[in-house]
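All chains are identified by letter, namely A, B, C and D, in their written order; residue positions are counted from 1 within each chain.
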Amino acid sequence: MKLRLSEEDAAFREEMRTFFTTQVPQSIRDTVAARRELTKDQIVETQQILNAAGLAVPNWPVEWGGKDWTPLQRHIWHEEMQLASVPAPLAFNASMVGPVIAAFGSQEVKERFLPATANLDIWWSQGFSEPDAGSDLASLRTVARREGDEYVVNGQKTWTTLGQYGDWIFTLVRTDPDAPKKQQGISFLLIDMTSPGLTVRPIELIDGGHEVNEVFFEDVRVPAENLVGEENRGWDYAKFLLGNERVGVAPVGSTKRWLAAAKELAGDRIAGDPVLATRVAGLENELLALELTALRVVAHSADGKPHPASSVLKLRGTELQQAVTELYVDLAGPLSLASGAGDGSGVPDWARVSTPQYLNFRKASIYGGSNEVQRQIIAKTILGL
Amino acid sequence: MKLRLSEEDAAFREEMRTFFTTQVPQSIRDTVAARRELTKDQIVETQQILNAAGLAVPNWPVEWGGKDWTPLQRHIWHEEMQLASVPAPLAFNASMVGPVIAAFGSQEVKERFLPATANLDIWWSQGFSEPDAGSDLASLRTVARREGDEYVVNGQKTWTTLGQYGDWIFTLVRTDPDAPKKQQGISFLLIDMTSPGLTVRPIELIDGGHEVNEVFFEDVRVPAENLVGEENRGWDYAKFLLGNERVGVAPVGSTKRWLAAAKELAGDRIAGDPVLATRVAGLENELLALELTALRVVAHSADGKPHPASSVLKLRGTELQQAVTELYVDLAGPLSLASGAGDGSGVPDWARVSTPQYLNFRKASIYGGSNEVQRQIIAKTILGL
Amino acid sequence: MDFTLDSEQTALRDAVRGLLSKSYDSTETRREITKTDPGFSEKTWTQLAELGALGLPFAEEDGGFGAGPVEVSIVAEEIGRVLAPEPYLETILAGGLVADLGSAEQRADVIGRVAEGALVLSLAHHDIGDAVVATASGDTWTLSGVKEPVLHGARADLLVVTARTDAGVGVFLVDPSADGVERTGYRTHDGGRAARVAFDGAAATPLGDPTADASDAVALAKARGQIALGHEAVGAMDVALRTTTEYLKTRKQFGVPLNTFQALTFRAADLYVSAELARSTVTWATLVLQDEPERAVEAASRAKMQVSRAGRHIGQEAIQLHGGIGMTAEYSVGHYTSRLTAIDHTLGDGSEHLARLASTVTDHGVVDPIG
Amino acid sequence: MDFTLDSEQTALRDAVRGLLSKSYDSTETRREITKTDPGFSEKTWTQLAELGALGLPFAEEDGGFGAGPVEVSIVAEEIGRVLAPEPYLETILAGGLVADLGSAEQRADVIGRVAEGALVLSLAHHDIGDAVVATASGDTWTLSGVKEPVLHGARADLLVVTARTDAGVGVFLVDPSADGVERTGYRTHDGGRAARVAFDGAAATPLGDPTADASDAVALAKARGQIALGHEAVGAMDVALRTTTEYLKTRKQFGVPLNTFQALTFRAADLYVSAELARSTVTWATLVLQDEPERAVEAASRAKMQVSRAGRHIGQEAIQLHGGIGMTAEYSVGHYTSRLTAIDHTLGDGSEHLARLASTVTDHGVVDPIG
């Protein structure tokens, strides 16, 4: 057991820190630090900078641009990126569809999609959730009927994050409606979002923003070559993807940065208010405990499979994220109402965005496997209950 | 709507306050205030003082010593008693078996038991819970087989509080093992605890104290005249009893008194420590909210039936009781370890009892319908879930 | 101690509920109305006035209807149930100060028009940066400085403004169209409106005696506002909770209704506990305001703190128990969470009120609600 | 950063576990042993010494085995798993001060005997009332005042006592059988032992230089104790949680096993989260103590605070999820709750450590665990 990083890992950390703080435009990092929305262009620009340096998809196989990093190095890469306010590579590309294609796609599919996916030349959207499914993902009803060399897709997906930017969408579709179990008869299909019959409808969220969408499929014709892996094996690929998602999702670094920023914004108020200082110190300690747990999980997931304790990271990580957004609203006090204030206002930017962010982050414990699902995983898989 | 008590109720409150603070021996009230265990004699003495003044069983029918009070008056009686550190009339007598006998017993049973029950000439124990039943009370297995004019009782009860003092025990026993539902075929039987074949075994609790017992029945012969009401209707009487129990169980007054005492014991520490002061003020406000809720429930239960919201009182009441016991341990700090300290010790009495009390009060959310049962009642009965 | 409404009060509740449930019959209707300025329905406002709701707290001799805190709480709770965005709170706050401090002429001039719905008031009390200062030159007063956020400040026909005077705190009437007043309105996250109001030597009329310190009157006005907001929150929490339990009963997942999952129904039970405790405390505070106004400031803090805890609990869990649908603007429950968050941070949030209570916690033994 | 035990450490863990699981094979065995003084098993104590566990933290040249914080943490966690009542913590605390401050002779005299199990130490550090004062007369020192509670103070063969000196804090060795020392032992709620120790001009030998302030050394010794206690708590929480989940799986109510009730299994999941977070923090603090002892005092506060939260959560819920059986002294889980409560209040409870962290929270931006 030892505390310090090995010399090699310490050098790696320094290298990452230098890269992130010098190679990614300050304006983009400032936007992230101010918790403002990024434009599509800013996200693409960042990912292409990372990709050019080989830092966009380290979790992929080496032949497709991945790095043969240790889990700890991957963790350091991720933490340093968050601490430097660098927007992470688009999760739909880097953590979701990319690894699935790399693991299960045919050579043709890999060659066609992986380089463009790593470089964000294709912006992927996710087409998993459906209105009547919720956490019960496998009860999906979007159907892909095989007709010659094509699938004809009908149905509806929802909660498609940033679907308005999407070039392609990876979907779970039902290809065998007669399969005996709902998890069977599902396939993993890639669909060009410019296909006729595909429409995207924005969903306004309670913070007033537009980040998720409904996607409708009406007789959308998809070439059969866009199937990933085998027909009717889609549920296996989805589980692989969701396992990866959970690992990537512990947002410790960014939450730490928010909390540190809150201390600066609050200035003398914290030092002068023991109750507030206690709240902040408590959050800081809980975050430390979570970060250390992430490091422990990282150390024990060397075989590449998600450690079951990664549910702890998702569950607690989102709780703490939400607790920090709540702290911001409380720091803003009555100014937290002024979400619509314009340039002439005396309300600082951070206070204006505080409540919309608080409301927006209620999603964190719902999307990507709700906290109820994570508790279920912990109870069943870890505790055997 | 109005805040103040009516003149009549205000006078009633004054009368109760005067009685409790002048007619009950100071030594008994000091014992309660110091959160020390009462002797059997102290409990009996108090109840007989109350009974002589007609204040022991106000909830009973008037002909058996009850008072025709309004629910608010009954509430005032109860709160003032707690605030004055007067031990309440023994619940097993006053709130449990007494009302059941008064409502469902034959005239003979009433005459035989009610006066002695009100005056604590008979100390009743409760024989409901069984080792393999827990919250699932109706799955009880103690059997009473009819033989001529007698029942022959075999089985085991547990969690019999203060059973070591018990003269008689009221029990739920299975008289028809073939009844189609487990709630059927149960009878409510009164048993003399000196009967041959009945043995009481103490259970030591985690605070080191002895307040609950196991009671074993081995061919205990009970005259059939000791049956309350009809054979096999016992579950109805038990539900009636448990409903009454829930109402009586919100311990607002005593918890308020504990909290106020904690403020005195802590002295300057609270005023000098905003975090501690905040914790105390928060508890105080939660207690106020609970007390006001009790007053609202009281106002709406004029028909004598327990208001479903009484589950709120039990649930929240025990949570706050436990929170205050936890506060005491924290105020005692390292001194809280010294539970076994004797007279020469510099550790004050309240600090010595703090952890045993904390541990002992973990029971509050388990006995008398666990908080899980209360949540179930709220979800089902009130919210329709 | 009596918590029941009399028949007139019940009739008032039914009338207001009837009106508001028609005006705000769906989430969509409310979204449409809050989309464009002034962020509320002038028609509904007029109807509330016609119903008598706006004049309730004011004396008949001033042009009001001579009702009291209980009647105000009834209206506030109904407003909360449908999240009606009308500037009722501002009327209570600002109108209350006019009634308490104003001369007979000022009261006659303002209160009657408020009761008729002809005059929208706003209380500008929150300084941003240095406090607004009132300066006298002979009998003429002017104000300088900035207030923000001023709720409904851009729409208001008349501003009631707190300002620093030599005596401490003074309260002034300001015509917002006067020279030296600049208003910049904007949306608040809950669909409401607020404004930055900058005073630059703006003409102001003292409410009552400007050489006296009005701190106590301002504190009492705020307590009234806090208690009314508490009732608004109680109404909103009640509906958020019912909406959530209804959803748990009807929504199916994994082939069964959500209320099959005990982990969810137990959490709903805890929400009910929070809601009931808040309701009890707020109702009590209203009675204190009615019968022992000298204790109203403390009672309001107690109510607001309890509402803060309950509002967060219910607001957060209502969304979580719904899942994704709870996050959308098309569905109702997120708007309730947004509004509960706004209420929490208006006139002092939970921790501010708790800190006040903490600072006096050693001054007494037990708290006696009956007094 | 590396969280794995090497093979020697694993062997140590297995050996200690083997020994202790035999010595404390049931709740009943532990109850018997803690019933009579000295409240622990002298035999087990000797066996721990034979195994080398007592000399681990001390340098070989002093008579120890030259291991480090990780090895101590391994022993402490095993102690926690079975709630072994032996005075291991006191050895760490008091022995550590002898090692840090003592002269070569003092170290040679004390450490070797401690490692052999021949000398039970106790650190008397908690003043009750006025602080214990050390007075010099030439080279002779005496102590006056009262320490309480002194853990295992009645059994201890040698007391290490903190006292006020002109220089600040001094640390002294006191023979408890000397004149002017009066010890009154008693049980603690967790089955342990403590004592009131009164000094009335008792002869005392300074540990090291009595004219220097030993505050830093005492703080470091306490940090070591806090971290060891943290590991003890982690072991106890782990077993309490496993016992609870086992019970949920096997106990039937309403005809089905308790783990059918999702409201219960979700709470067990939350307990697991608490336990894992506490384990991570405590393990980290041990590594800080090993590799960057200058940060150990802060790290110990962080660990102790996290252990406090987790210990309360798990201690309370373990009983609640068991129901009535969890309240009984015959069953194991209540003893775990009692011990976790005692650990919380030994060497500073959660709120005390949180207050320390709060007082410096604005001194840094993010907390970097790697340093």
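Throughout what follows, a contact is a pair of C-beta atoms (placed from the backbone, for glycine too) under 8 Å apart; a residue touches a chain by one contact, two chains touch by 3 or more.
If you're wondering where the values come from, they're calculated on a predicted model, not measured in any experiment.
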Query: Considering A-B alongside A-D, which chain pair is linked by more C-beta pairs in contact?
result: A-D
Task: Starting from the Cα centroid of chain D, hunt down the chain whose centroid lies farthest away.
output: C
- prompt: What is the distance, in whole Å, between the centres of chain A and chain B, each centre taken as the mean of its C-alpha atoms?
  reply: 53
Message: Distance between chain A and chain D based on Cα centroids, please, to the nearest Å.
response: 42
Intercentroid distance (Cα basis), chain C paired with chain A, Å: 39
Statement: Contacts with two or more other chains occur in chain D at residues 261-263, 265-266, 355, 358
- prompt: In chain B, which residues are in touch with two or more of the other chains?
  reply: 274-275, 278, 372, 375
Task: Report the residues of chain A in contact with chain C in the complex, numbered from low to high.
output: 129, 133-136, 139, 158-159, 203-208, 212, 275-276, 322, 326, 329-330, 332-342, 344-347, 355-356, 358-359, 362-363, 365-367, 370-372, 375
- line: chain D partner, complex, touching residues on chain A are 1-5, 9, 72, 83, 256-257, 259-260, 263-264, 270-271, 274, 277-278, 280-282, 284-293, 295-296, 299, 309, 312, 315-316, 372, 374-376, 378-380, 382-385
Field: Contacting residues of chain C [partner chain D, same complex]
entry: 261-263, 265-266
- line: Contacts from chain C onto chain B in the complex sit at residues 1-6, 9, 70, 241, 245, 248-249, 259, 262, 265-266, 268-270, 272-273, 276-281, 283-284, 286-288, 290-292, 302, 305-306, 354-355, 357-359, 361-362, 365-367, 369-371
Statement: Contacts from chain A onto chain B in the complex sit at residues 273-275, 278
